[in-house]
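Next up: the structures, one after another.
Each of the next two complexes has chain A plus one other chain: chain B in the first, chain C in the second.
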Partner chain A sequence: MQIYLILALTGLLWGGVYLLMATGLNLIYGVMKVVNLAHGDFIIVGGLLAFSLFTTFQISPWIALPIAAALLFGVGMLVHRLVLAQIDMAGSQGELRTLLATFGLSYIVSNTALLIWGGQYESIPFLQDALKIGPLSFPKSLVVCSGAAFVLALAVQLWLTRTASGRLVRATAQSELGAASCGLNIQRVRLFTFALGSAMAGGAGVLVVLLIPMQATTGSLFGVQAFILIVLGGLGNFVGAILAAVILGLVEVSTGYFFGANAASGVIYLIFILILMFRPQGLLGQRGRI
Partner chain B sequence: MSATGYRAIQHRISGGMFALLLMLATTLSACGGAGATSNAGPASGPIRIGFSMTETGANAAPALFELQGYQLGAEAINAQGGLLGRQVQLVYYDDQGSTATTVQLYQKLITTDKVDLLVGPYQSDLNAAIAPLVSRNKMAMASMDANLTVYGGQYPYLVQSITQTPRYMSPLIDLAASKGYKTLALLVQDTAFPQALAAGVKAAAQAKGISVVFEGTYPATTTDFSSLVLKAGASHPDMIIGATFLPDSEGIVRAAKAANINAKLFAFSVGPTEPDFNTALGSAANTILGNTLWFPTLSTAGNADFVNAFHGKFGRDPDYHAAMAYGTMQALAAAVKGAGSLDQTKIRDAYLKLDIQTVAGNFKLNETGRQLGYQAYVLQWQGGKQVLVWPSDVANATPQLPHPAW
Partner chain C sequence: MISFKESMKRYQTNLKPSWQWIIGGIALVVAIVIAFTGSGDQTQTLFSICLFAVLAYAWNIISGMTGYISFGQIGFFGIGAYVAAICQLQLNSDWYVAALAGGLVALLIAIPLGVIMLRLQGIYFALGMLGLARIGQLIASSSALVGGSQGESVPVVGTPQATSLVMIFVVVAALALTWWLLHARLGLCLMAIRDDEMATQASGINTTFYKVTAFCISSFLAGLAGGLYTWNIGFIDPGSAFNSTFELQTILMVLIGGIGTLWGPLLGAIIVSIIGQALWAQFPQQQQIILGALTLIAVVWMPGGIVSLLNKRGWLRRTPVWATSRREDIPDMPDLSRPTDIPEVPGVSRPAESRGANILEVPDLSWHLADLSAPGSAKSEAPGSATSEAQQTRATVLKCNGLTRRFGGLSALSNCAIQVEAGQIVAVIGPNGAGKTTLFNLITGFDRPSEGDISFLEHSITGHAPYRIAREGVARTFQTSRPFPSLTAWETLLLAAIAKNPSRSKATAQASSMLNKLHLSEQWNNSPEHLPPGQRRLLEIGRALMLQPRVLLLDEAMAGMAPDEIALVHALLKEVVSRGCSVVAIEHVLPAITPIAQHIYVLDFGVTIAEGAAQEVLGNPIVVDAYLGTGEKESINA
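Then we have the complex of A and B:
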């Protein structure tokens, strides 16, 4: 009986980790419809930056988090201003163009990271102790990552739906023409949204590097997992993403326990295919918003 | 002259100039190419040793040690007068850890670059991929593929210059048996080298009467080890041993610590040999055992000088990959001297006859090229430092066992 409880809680917690990495992408893709293939690489840069700050300057990851977030915010602004803002988003080719642009960006970011940090897997020994709840124990880092993830996702959902600035972002996403005619500065909103999503990726990296060793060129793995999660949840829907995170985490951990780790690594992609076949808008998404 | 006539002459002159410039450029680039032409005559110029190395990709970090070992080895050969009176030069490319790329690169090295000698790449599966190509072209190659599948005689030009995989963890099992441990949970990454390693562990365990109570495999990209570790711990084994690389060994240790899965002995391949294992895990790395093929304190031939020279050139201590690569260069030099020429068949025959001492130990092959002389050892992280703990006659510290509760 206890094993089921452990599996359920572990699955929930790991789902949270995936959610943490995906929330920034949910904002950028779900709301802005920009396919950022470099998202995983931004996460890695945040993580490796935290690693360098910790090992060279003994700076705690708690302090590295706002530093990495601010740095990636700046990077996101630069990328948007120099690259994405120049791309013609009109018509059906708009998303494809941003996809190609961010595909190239992914190579640039990961190879720059490779030049700076080399090819080794890096991680930080922080919050490695176990958090004991009665007879159960979980890694503190996992609990922190997960907690941060659910809090962040809820916060973003509330921001988008309940605040004025959040509504500006959604308005721009729904109809640029309509928003512009209401007097919104479209370019500024898109710039801010992309920068914010990138900052979230950097912050996520700082927390996740405590759990998963990161190497400069492994960003695409995180990026793919993040995409699957947001598609499963419904693009742009953060409550959907929370739901999807819970499902994916539970399924992966349970499959790993009962059927072996090889099955677990494949089951997420299996779910992804099934979702695309039977409910392409995701769990809580709206049809036609893909 | 009419205007059109003048322009026509201009065009003819510029066309001719263009052709001349083109020929000049081609000749200059051919001469300036990084030794990749046949301008160097056969009896002069440097002897070129070709290989590919995983400079980028998941295994870049240990592969870098290998590259540096090759580089230092080549320097040492040149400092002692080179080979056959000529200096040696390394010609290498980045194979990115990809099988297809490695095959193409070795094809290039053999047919286009026409290198004089070959040594192998880092990963076992890459070595296996180029074995047919190298043998077809009848080029002798010292390969650091620890797996035995390619040394059965079907690729007669391949020789093994690293400890064979089945031996990697035998000393660890010896140590475990000496402590009276009886049960083992084995965690294996689903790639060629860990699988061969696991087979060696099982054979050694069986010989010592240790039973494998759990065996679990996982793909290389796994990040969450909680289920695997829970299942391994369910049978309360005395030992948890992982046939791993660096990130998965870290993941397993973290998962075990988090789930409070205790065992008397924790040991992993590759991971604990890397200094980054300790950087990433901090105190959690304490008393974790790893297998290694070499250690800086061993009194193999010229080891202390090798360690100093490596540190001087690269600013860090060598690991066993670097030592094996350096040893490969030493064996290569001995084989070429034994053959007395660059004839590949003579060099291969000379390799098979070698019985020399390198920094990695005793280089000695059997008749199909399998490495018999090189051994393995057990290291342990104690107080943030790597120490050699087994076999006891070469150890510089006593093993701290059993592993304390998390």
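Then we have the complex of A and C:
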């Protein structure tokens, strides 16, 4: 019986880790209708940056977190200026062109990371001690990561729904034309959103590297996992994403326990394809164009 | 707008493609010479370039020509590689049998996968395919059939010379296949799907069939390449058979070379491989970054890749499909396109010259009414009595019963009943949000009714696919015009013509005749996007008419048209009606439709609030209230 409890809690915690990686992507898609294929590579950059700071300057990941977020914020601004703002989203091929552009971007970012950090897997030995809850114990890093994810997801939801700046972002998300005709500078909102989403990826990377060893070119796996999660939750829906994170975490952890690691990494894709076939709008998404 | 002279210039460059074949032939000879005389390293490089060229052509067919970007075509390469290895190991087959089997198995697997996956669009399809390729890799790693995750050697291994020679011919075959696609029915349908899938369905094309066909061709090529790769390398393992770097490189090549073009994939494969090699010598570390940057540049600033740069100079432009069959001298019925060309009807005054008149003023159309109300007779009866008499004798063509469509809690249409008789012109009017376009979407199968039934020629068509409904004889236009940006005006009409006619000569003759009738002959080689809005709408009506419909549904077809264009549409409708076709028109500009409509339905908030002959309906106080507000009675009847 205890094994099921452990599986359930571990699944929940790992769900949180996936959620952490997906929140930035979700925000960007929700507002801009752009799927950033370089998102996973941004996560890797954040993680490996924290690794370098930790090993060369003994800087704690807690301090590396804002540094990585700020760096990726800048990268996000740059990418939006130079690439995304140049693509006419209204055109018939707009969405596909952003997809291919971020595909090229992913290639650039991952290979730059490879150049800087080399091809070995790196992790930070930090918060490795166990947190005991009654008879159960979990790595502290997992608990922190997961906790941060749920807090972040709720914070984004509250920011979007309860604050004036969040309202500007939601207005842009719902109708760019409408927002623009109310005098909003939508290019600035998009720029800020993309930079913020990228910063979230960087911050997530710092926490995830405590748990999962990272290598420069494994970013696309994180990116795809994040994308699957937000599709399952309903693109751009933050409450749905939390639900999806819990489901994915539970399914992956229990598949891994019963059928082995290969099956665990395959089951995610299987869920993805089943969702696309039977409920393409996701769990809580509105049925829209897909 | 492109002038006639320019369009002629384009026409000439289009039909002067011979030098590209000369250069291609020289490249082929050079490649064959290298294959025979080159060193082992050189021939291996040649093999790799050819392998990527084949993968690039495979990707180009589904993603470039059909518009379904896939990040998982490498999965079919892996399937081909594994099937070839199994054939060699278990069945002791020869290399060519093994490679062909690889291609064929990939094709067979692509059929069910295509039917399922191609229902998805955009990023969903792209990443869904990525997921499938990953699942394929995991299956290959965990099965014990061929070495599992460690891999296994295969017995028959080709020399670099032999493998590169074979690969060169596969490239030539892939090039020829792409050339054929770009000049054939299949390719035309694929390009139309890429531009606008909905409008393609409305043109009577079974888009699922064509998409899946393209997917299968692409998968066969990728699988064949995989089989030949096994033969070349002599070893199989999940990591290299489902190598995602191959996928990345292939996509890079097509994007840099020119997506959706004939020569782009080959140019991309050659240039990226050569640049890659050169960079490898100079900057081994930065090579991949530079390639990524090139892709980004290609996507953002040069969406057509290298080929688009050449296109700007007039080189390598695509020739419109079946352009040589286009004829300008098609014998046709009397030209009805301009008011002045219309044969005189006794007792009816000719229309006033409308050119340059006030846009809001619609030309006097009373001359139409004489034969519209009763086709075949030119007697000038009072319109009202003619319709009521005719209604008793004519057959019902289209009948909607109790149509209801709910979106969540909102009923866009409730319990709507519409009946259209042969040769009748029916207007559907109503304020914005009244459910008019929803009604059209339900009739043409783009949306399903929550309740109710639609019958056409006494058969129920409820739930039929849009392309079937279009072919059976219910054609439509769209409220916002949906042109195919990368097709020409000629191909737009041809697309609908081939949906109806299996024979090429008939289809081209009909498309030519319609082009002349619409007075678009001079614009035949222009993209509909470059036409002025009025002509674009005319083209769309022409596209619907190519289906030889029994019922023509016009969704605000005359909005934004100049008076003389409206007159042209009226003339077209007149001809169509005289052949027994019925017209149902949604219109906001009442004077554009009420003079020719024999029956009017008024919708408001999804409910039919009035119906009847034009005069009764427009005089009905409920209609005046709901539709026009109070106090406007004088102006509508004017």
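What we mean here is this: the second predicted complex is superposed on the first by the 286 of 290 C-alpha atoms of A that agree within 3 Å, B and C clash if a C-alpha of one lies under 4 Å from a C-alpha of the other, contacts with A are read in each partner's own complex, and residues count from 1 in each chain.
Simple rule for what comes next: a residue touches a chain if its C-beta (ideal position, glycine included) is under 8 Å from a C-beta of that chain, and two chains touch if they have at least 3 such contacts.
Just so you know, these numbers come straight off a predicted model, no measurement behind them.
Asker: Between chain B (first) and chain C (second), which does A:F227 come into contact with in this model arrangement: first, second, both, or neither?
Answerer: Only chain C; A:F227 stays clear of chain B.
Asker: Just chain B (first), just chain C (second), both, or neither: which does A:Q86 touch?
Answerer: second
Asker: A:P280 contacts which: chain B (first), chain C (second), both, neither?
Answerer: A:P280 sits against chain C, while chain B stays out of touch.
Asker: Looking at the overlay, does A:S265 come into contact with chain B only (first), chain C only (second), both, or neither?
Answerer: The answer is both, since A:S265 touches chain B and chain C.
Asker: Mind working out whether A:L100 is in touch with chain B, chain C, both or neither, as first, second, both or neither?
Answerer: Touch partner of A:L100: chain C, not chain B.
Asker: Quick one: is A:T161 in contact with chain B, with chain C, with both, or with neither? Answer first, second, both or neither.
Answerer: Neither: A:T161 stays clear of chain B and chain C.
Asker: Based on the superposed arrangement, let me know which partner A:S60 touches: chain B (first), chain C (second), both, or neither?
Answerer: Neither partner.
Asker: Check whether A:S175 is in contact with chain B, with chain C, with both or with neither, and answer first, second, both or neither.
Answerer: neither
Asker: Taking the stated contact definition, name every residue in chain A that is touched by chain B in one complex and by chain C in the other, in rising order.
Answerer: Residues 111, 114, 262, 265 of chain A touch both chain B and chain C.
Asker: Considering only the defined contacts, which chain B positions touch chain A in the complex?
Answerer: 55-61, 63-64, 190, 216-219, 221-228, 230-231, 246-247, 250-251, 254-255, 257-260, 274, 276, 279-284, 406
Asker: Show me the residue ranges of chain C that touch chain A in the complex, using the header's touch definition.
Answerer: Its residues touching chain A are 67, 69, 71, 116-117, 119-124, 126-128, 130-132, 134-135, 138-139, 141-142, 195-196, 244, 248, 251-252, 255, 285-286, 288-289, 291-293, 295-296, 298-301, 303, 485.
Asker: Considering the complex alone, what residue numbers of chain A touch chain B?
Answerer: Residue list for chain A touching chain B: 3, 6-7, 10, 14, 55, 111, 114, 118-125, 128-130, 132, 137-139, 142, 211-213, 215, 217-218, 221, 252-254, 256-257, 260-262, 264-265.
Asker: Name, in rising order, each residue of chain A that touches chain C in their complex.
Answerer: The contact residues of chain A facing chain C are 35, 83, 86-87, 92-93, 95-97, 99-101, 103-108, 111-112, 114-115, 220, 224, 227-228, 231, 262-263, 265-266, 268-270, 272-273, 276-277, 280, 289-290.
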